[in-house]
Each structure stands twice: as C-alpha cells, then as structure tokens.
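To keep things simple, chains are lettered A, B, C, D, E and F as they appear, and every chain counts its residues starting from 1.
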Amino acid sequence: MSNDALPISRFPVPELADMPADIREKILTVQEKAGFVPNVFLVLAHRPDEFRAFFAYHDALMLKETGNLTKADREMIVTATSAKNNCLYCVVAHGALLRIYAKNPLTADQIAVNHHKADITPRQKAMLDYAIKVCLDSQSITDADHAALRLHGFDDEDIWDIAAITAFFGLSNRMANVTSMRPNAEFYLMGRVPRG
Amino acid sequence: MSNDALPISRFPVPELADMPADIREKILTVQEKAGFVPNVFLVLAHRPDEFRAFFAYHDALMLKETGNLTKADREMIVTATSAKNNCLYCVVAHGALLRIYAKNPLTADQIAVNHHKADITPRQKAMLDYAIKVCLDSQSITDADHAALRLHGFDDEDIWDIAAITAFFGLSNRMANVTSMRPNAEFYLMGRVPRG
Amino acid sequence: MSNDALPISRFPVPELADMPADIREKILTVQEKAGFVPNVFLVLAHRPDEFRAFFAYHDALMLKETGNLTKADREMIVTATSAKNNCLYCVVAHGALLRIYAKNPLTADQIAVNHHKADITPRQKAMLDYAIKVCLDSQSITDADHAALRLHGFDDEDIWDIAAITAFFGLSNRMANVTSMRPNAEFYLMGRVPRG
Amino acid sequence: MSNDALPISRFPVPELADMPADIREKILTVQEKAGFVPNVFLVLAHRPDEFRAFFAYHDALMLKETGNLTKADREMIVTATSAKNNCLYCVVAHGALLRIYAKNPLTADQIAVNHHKADITPRQKAMLDYAIKVCLDSQSITDADHAALRLHGFDDEDIWDIAAITAFFGLSNRMANVTSMRPNAEFYLMGRVPRG
Amino acid sequence: MSNDALPISRFPVPELADMPADIREKILTVQEKAGFVPNVFLVLAHRPDEFRAFFAYHDALMLKETGNLTKADREMIVTATSAKNNCLYCVVAHGALLRIYAKNPLTADQIAVNHHKADITPRQKAMLDYAIKVCLDSQSITDADHAALRLHGFDDEDIWDIAAITAFFGLSNRMANVTSMRPNAEFYLMGRVPRG
Amino acid sequence: MSNDALPISRFPVPELADMPADIREKILTVQEKAGFVPNVFLVLAHRPDEFRAFFAYHDALMLKETGNLTKADREMIVTATSAKNNCLYCVVAHGALLRIYAKNPLTADQIAVNHHKADITPRQKAMLDYAIKVCLDSQSITDADHAALRLHGFDDEDIWDIAAITAFFGLSNRMANVTSMRPNAEFYLMGRVPRG
C-alpha cells in the first residue's frame, strides 16, 4: 500500500472545491509556495471558523516581523515543545522548517530528542528551557524564570513570544494528536540535503 | 491594600483609549453585557492581532449553535481541564459561567477539585475523562477513546468540540499562567446566590 | 432530585440516636455552634474509636493556642494540601473556614487552584511550599527545607505544626476520598458574602 | 561512632522522667513487652496530645479484634505503603512485625521492594494493590476498586480497614520523614532468625 | 565552526593507534563496512574491557540469527525505547539502521516521536508497547503482558529478545547521555534517499 | 510449600549438566566460594552468549582494582538504583554484599528505602544522588552534575564508574523484573549477624 493512500485525519477532510473561497484561496497560495499542501490545512478545513482563527493566530506569532526571535528560534520552540507533547505532525513539519531556517540539517533531530545535546547557543538553550516549562508546568512559572531570560538578552516582548508560540502549538499538538493528523511525506526530507 | 490595586498582568495593559477601535468596541460590548470587563480582554489587548485570533477561536467553539454539547457541558470542560493546568483565571472565570449555565452553585467547585465526585451524569463524566486525557496525555488518544464516547451518544463532531475546547483552553491556561492574569473579583461570587 | 438526598458516604452512616453518648454530645455541640453538622462527623461516627482519635488529633493541631501559626495559616495549609490530594470535602469545608479566618472571600479559591497566584505574604508562600513538599514528597525533606522556613521567622515548633497539619489532613483526605464524603452544601457559600 | 549515639529525631526528645504519667506508663509497658522502646514513642512524646491521639488511632486500627484482616495482612499494608512513601522507620519497624506475624523471614523485604514478586496470595496482592492506590492516588478510587476487593472476599468493613490503615500510616510516614525518625537497631534483625 | 570539530565525548577518546589490537581490528572492520566509524566505538574504547563486553552483548542480541524478530523489528525497539530515554546518539544511529532495514524513510521519525502514529503493524505496536513498559516500568510486568504478546504470535524466546534488547539499550542510552556521545553526521541522512 | 520449590524464572532454566563447559565452570567456582549458586547465574544461563557478555561486563565494573570507589561504594550504587527500579533480586542480593563489604548490618536496608536517611558520608550521598539521576533521568545530566561530584573528590574515571555501574544494573534490573528472577533465600540473612 502506498503511504499516500493512508488517511490524513480521523475526521472528514473536505474537498478543495467544497471549501469556502477564502480558505481555498489560502490553501492554493500555500501550495504554490511550498509545492504541496501541508495536511494541517486540509484537516483543519473541516471547521472553517476554527481554521481562520487558527491561521490568524499562527501568522500573528510566526510571521511577526518585530522582536528578537529569529525564524529559526521560533521553529526551535515549536519543535522542542511538540516533541514533549509527542506530536508527530508538528515535529516532522516544523523540524523541516527549522532545518531550512537554521540552515542546518542536524538541529531539528537534535532538538526533538534532547535539546541539551543540540548544537545551539546557551541563549537558545535558555529559551527552550523556558518554553518546555511553559509547555509542561506553566503553573510554576515565576518572576525568576523571566529574570533568567532577561540575562540572555530577551526582553518582555520576546518572553511573551516564546510563551505564546509554546501555548499556540500546545493547542496545535493536541488537535494533531486527536485527529491523527498525518505529516506529508515531503517534510521528512526537507532541509536535509543541500539544494544543488 | 485594596485587591483592585493589584496588577492584572505581568505585561503592560493598554488603556481602553489606546486600543484599536474594533478591540475597544468588543470590550465595551462585553462590559455592557457583563457589567464589568473580564481581565482576559484587557490583558490580551496588549497584542491586538493575537487578541483578535484568540476571541475568534473562542467564539467559534463556545458560541457555536450546533452539536450536542450544552453551554454547561462546554464550561465544565473548561473548568476541569483548567484545574489540571492550575490556571487560576480560567477556573475562577469559567467556574462562574458554569454555575450560571448549569444553574447549580456547587458544580464548579466539585469539578475543579475532583470531577469523579461531582453531581454530574455518567455521560458528563465520560466527557471530562476524555477532555482530561486530551489535556494531559493527548499522545495516547486512540480510536478506543472515541468509541467510548460514542457509547454515551457523542458523535464525531461532538468529539472534535470536546478536544478543541480542551486544546484552546490549554493555550489560554498557559497565557494566563505566564501573564499572571488576575481574575476579576466579580467572578468569585457569580452564580452562587439566587438572584432575588 | 434535591442534593440533600444524595448519600454522604459509601459506608453506613449511623443515626444520631445510635451513637455513643460522647460522640453524640460532640456532634450536638458542633451543630449548635455551626448551625449544621459537618458531614465528616457523621461519616466517621461509623467507627467510634477512630472518630475519637481523629478529632482528638484534629483538635490538638487546629485548636492549639501556642505557636506562630494563625488560624488562617492553618486553614491555608489544609486547603492547599487537600487540593493536591484532590479531596473535595476538605477543599470545600476548610476553604470555607479559611475565608472566615482570613476575612477574605478570594483566598481559598486562589490557594486551591494555584498558591503561587494567591494574595498572600512571601512567608505564607514559603509555608505552603513546605507543606506541599511534605504532602507530595516527604522523603526528600532535608535540613535545608527547615532552614528556609527559619529565614521566614518560623521556629521548630511551627515547622512541626505545619508538617503535622499536612500529615493529619493527608489522612483525612484519603478517608474522604475513599468514603466519597460529601461536603455539606452550606460550606460552599460560607465567608463569601459580608454578614449584613 | 556507635549508631546508638546518632539522634533519633530532628526535634527535641523528652526524657522519660519529664513525660506526663500516662505517656511514661504506656512507654514502660511497651518496653517491658518488646525489650526496648521503639523510637516512635520517644519522638512523638515531644507532643503529648498528639502522642495520645496517634496511639489511640493506631490501636483502634492495628489491635482491632474484628474483621477479616489478619495481623500479618495489616503489617503487610503498612510495609507496602510505607515503602511507597520511602519511610525508613516504618518499613524497618513494621517489616519486623510482618516477619513475626507472617512467620516468614522473607515476606517483608519482598513487599518493601516489589509486592508483585512477593510470596503472598492473590487476595493479598489485591489488598496491596488497593492500599497502594489509596496511598498514591486516592482521588481516583471508584466503586470499581471496591467491587474488585469484594471478589476476593473482603467486605465493606475490611475495605474501610485497609484504607484507614493506609491513611493512618501515610500520616505516620510523613511525621517520620520530617522528624528523621531513626529506627531502633533491634528491628532490623527481628523475625529473621528462628528463636532457638 | 565545522560540526566535525565538536567533541564526541565528555571523556577522553583514545587514538586508534593506542587501542588494544582486537579493538582496533573491530573498529577497522566496521569502518570498512560502513564507510565511517560510528562514534560509539570510539567513545567506549576508553574502557577496553567494557568495550568488549558491550559489543559481545550487542552482537548476541542484534546479530542473532534465530527467532521471529526481523532486523527491522529490533531496530524499532531500539529507536522507540531510546526516544523514551531521550538518547540522541541511539535515536539518530539506530533510526538510520531502522530506515535501512525497514526500507522505509518515514518509520524511524514516526517511532521516535509517537509509535501510536507509525505506519507499522498491530503486532509491531504490541511489541513496542511491551518494550516501552520494560523501559519505563519493568517492575509492573506481569504474566498478562506476556500473554498479550503471545496473542500476536511472539513466543517466549521472542519475548526474552524484546526485553533484552530494551534492557541492553537502556544501558547504552545512559552511557550515551552521560558521555554526551555525539552521533556521526552521516547517520542523519542514511536511508532517507533512494540509492541511485 | 517450601520456598525452594518456587520457580526462579519465568523462562526455562537449564540443568548444570546441559550448560556449555565454560559457563558450568564459572558457576561451580561461584558455588564453591559462596556456598550456593546465586540464581542470576542459573537464570541467565538460558542464553549462553548473553551470560558471557553479562558477567564480563559485571566483572569489568565490579571487580575493577583501580579507581576511588570501594567495594562498598559500588554495592551501595547497585542497591540504591535497584530499589528505584523495584528490582527484588538485586536489592536482596546486592544488599547482602553491601552489608558484608560495609561491615554494617543496617546500611543496605537504609539505602534501599531512603538514602537520605542512611548512615553514610556526604560524599556517598552525593555519589548516590548522581547514580539515581543517571538511573531515572539520564537525559538531564549536565556538566554541573559532574562538577558537583568533583567537589567531593571523585575524578572523571570515578564518575564513569558510577554511571556505568548504574547503567549496567539498570539492564540487570530489567532482566530480573522480566524473568521474575527469585533471590536465593540465603541472601536475606547474609551480613546481618556477626560470624561467631
């Protein structure tokens, strides 16, 4: 059986033709840019209003032009916390983005397994320590956690960004785990081999 | 010291006058309806784009007119899972809404402490068992969990709703814990005493 | 169905008339003072010898006139640790007493959900940190934990009190969870509204 | 340094001569019977009222003549749950009593390390499974747990006994861990060698 | 900085020339076969006697010609349990072998993140459920766990194999985590792209 | 029923006569020295190649003549970590060796229950803290853990020894739990009574 025949969701997945125009439009734009449609777009299109809110939230955090987090930093947060939530879709898809933005074919696997062993800076380790605490034990966050981040040059807006990205992908991880959202096969190899 | 003098967020909270018009409008509408502005509106207004996505997502799940979850069912899910995340704001604010929708002054405290001991139906207990699994261990959700819910009359759309509400408030809980979002004093007493 | 019709214990509950005289006497005294009989008295009366030892222990710790713990401090310890043990009876009943002794309608709910977010002093937070460690991980208590409490002005007798209250209510929590001890409806509202 | 020189408590231990008469009397009786004074009597004598309540509770549960739990069953519960709480005093002291009552020099060590591997009956394993659940996760006890015990011939009074012994020694374990209560050297060898 | 400059161990790594002849021989053989020397050989060569025992054990389990576990099954067990132990070296190196033996570029990443979502058979899922229980909670293994495996066609020798592979790589994972053993860059891409 | 009639393994145990000569030889030597054959030799003889690797590894770590760990230190590590893995065989057998090497009848039981309460040196407590971290959470080992050990006079080779002993007995614990390896009755009393 070809992997392509496997379901991408436990729930119904609408045909592109049956989607509201704005959603179809967004999906076609993504497809043009990426060369394929990441399954999260198809799976969440089952619920148009939630789809719109989800991607509005996503874009507000991940496409934000201000602040001191690089795109690689943000994907690192997503990869590390999605691994703690054992979310296959997000580790595979955002690991791919992390390899591309970090221009490093090793970082994503390192961070998914054990960020203490990754080839990243002490500043990035502090960022991931905090993100993982927000992910797993947000009730225990205190001022001391924020003070530790400031020592690494993060300001309050950066701290909000780290926390909000973690919180948003915690939502995403749970939806992916519940829907059994299947990562596109394309993601697994992205960013691993130099583009010739 | 009056409690009113205590900060409602670790982060800056904008003045109503300084907010974008659509956000100010939404807040004034809520104030008119509730008699006060729940602090979550003020705290999240620090980030207008995230504010808009957050409430669009919230409304898509909590104001939805279709499906078999009552408003009390939904607030029950929020209260039970927010308690597992030790989120003071959500337990207090949504516990208040639960008391009102369930027309029962005891249910919210029961569910916040131990849903096994609450005066709710076996169907509601199954719903909360599932929500708590999505909250704490979504990686282990299998078809068997969904089959168990169907035995209680939940259909697939209801299951998505339970999971999505849990996932969304997992985001909310983490933002509230990180911002130290303070519940308005008004919530603590709402729904506890009969309106004369 | 009225809540009053719901059972208060998984085990037999004796009639007042069938209890030994000293136990009936104690219960009538409590009833006179409180205006109702807290269910813990009725549920534990099933075992008169254990009842006597339980309340002797309780009174030795909670009615003690010496030491530096206020009555509110003690009820705070009970509320915080009972929440960790997910004991509905104790969180509801002792949360009520905490509201009364602390003369604050918000403290009990705050402490039951997340004591880090409560409107209490750093000394009280240190006291609750220690109590929660005794509750959840007493094997790891070392001299360093006691030194930390002394920095907040607690002496050795106070430390014994904090530990003993936690240990005693750990017993109480387990009995309440096993018996499914039902909190009286009266407790839920006590201390929430100013006495006119 | 002789072990006898090591402190038996982090807290002051009164001299026999300074204790209230009833407590001194109880201790002398124990000494006569056992040949030595178990340190729990000396350590808790620091607080006479708590001492009296503690031993009244202890005797009500452990010296009870009715019900279907043998003395070995009761000491087994104490040993198994005290091991989960990592309480050195209770594992050593009650392991000694278990060896004596079970007339088996191996059972106590087996149960302290892993009750699944112990030379005990399926009925005793069910009893310990339940006791360990009361010890570690009492909030999740449901009617199904009690039904499982009834299948092994335990009645409701036996179930109360198992739970109450577990709950009481949970208190005892926490006090022993907090006071650093030192087991008497005599206990380690008791019941290991046949009396000639 | 080239990744190749990064240390492969927290401990001294001997030069090939300084190793005992049998160890050097083994390493040169591996190098010839694989095209590079996996770092585990270099890191463990610091302790020749342990090196010899380690690889004798490894080979007894992983090169064994009898039984019903395929080479892919065995690497699956290593990958799944090493992920639970957050061992970067073993997830990366054995994930590579798994891709090769399973002739599937996706399986290793799926199993490392969440074996419930992997494209494997129910028999393989049962095998991994058991291996993960041996890895994380071996004290609770009972006859029922073995009966469940027999239903999937595993015999007792297969069960020993699953358990022994898990136990051996538990040792390996701990040594890799303690030494900060660095996976060779070659492993990350192995088995991901078809050999042209 | 005599305990001697109880099975020592869930798997087949070969007769001495049927074992390969080198294994039989090793077992007879042990028997001569100890006066009995520890069951681990018989249980593992089911797999001759694994038996040879297991004891080669064991001897490399436990019979090593160099380094700063005494024989008592090594058995302490085994006893403490085997207790965390709830391995009956290793706690009982290595607890016996610990009593003998430490010439102290109390240490083994103390360490098996709670090493914080044992009559050992601060250096030994630091050693056990580290071993337990390797046993339960090796992913979180950082340079800081090693620095803490060096403050107590351990050098890098000692640190490797502590880690390797822990890792090796983690393997052993899992095999003993899976095979239900029964400790010989002789171990329980060894080292408890002075040899006359």
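Everything below uses one rule, namely that a residue touches a chain if its C-beta (ideal position, glycine included) is under 8 Å from a C-beta of that chain, and two chains touch if they have at least 3 such contacts.
Model, not experiment: these values are computed from the prediction.
Contacts with chain B and chain E are shared by A, D.
Of all chains, the one whose CA centroid is most distant from that of chain C is E.
Two copies of one chain, chain A and chain E, touch each other, and the residues they use overlap strongly: the shared fraction of interface numbers exceeds half. Between the two copies, chain C and chain F, the C-alpha superposition involves a rotation of 120 degrees in steps of 5.
Just to note, of A-C and E-F, the chains joined by more C-beta pairs in contact are E-F.
Per-chain CA centroids place chain B at a distance of 28 Å from chain C.
Averaging C-alpha coordinates per chain places the centre of chain C 24 Å away from that of chain D.
Note on chain placement: the centre of chain C and the centre of chain E lie 52 Å apart, centres being C-alpha means.
Separating the centre of chain B from that of chain D, both taken as means of CA atoms, is a distance of 45 Å.
Those residues of chain D in touch with two or more other chains are numbered 86-87, 114, 139, 177.
Here, these are the chain pairs in contact: A-B, A-C, A-E, A-F, B-C, B-D, B-E, C-D, C-F, D-E, D-F, E-F.
Within the complex formed with chain A, the chain F residues making contact are 139-140, 142. Against chain E, the residues of chain D that register as touching in their complex are 114, 116.
Listed in rising order, the residues of chain C touching chain B in the complex are 3, 6, 83, 86-88, 91-92, 105-106, 109-110, 112-114, 117, 119, 177, 180, 182, 185, 188-189, 192-193. Residue ranges on chain D touching chain C, taken from their complex, read 10-12, 46-47, 49-50, 52-54, 56-57, 60-61, 85-87, 134-135, 138-139, 141, 143, 146, 156, 159-160, 163-164, 166-168, 170-175, 177-179.
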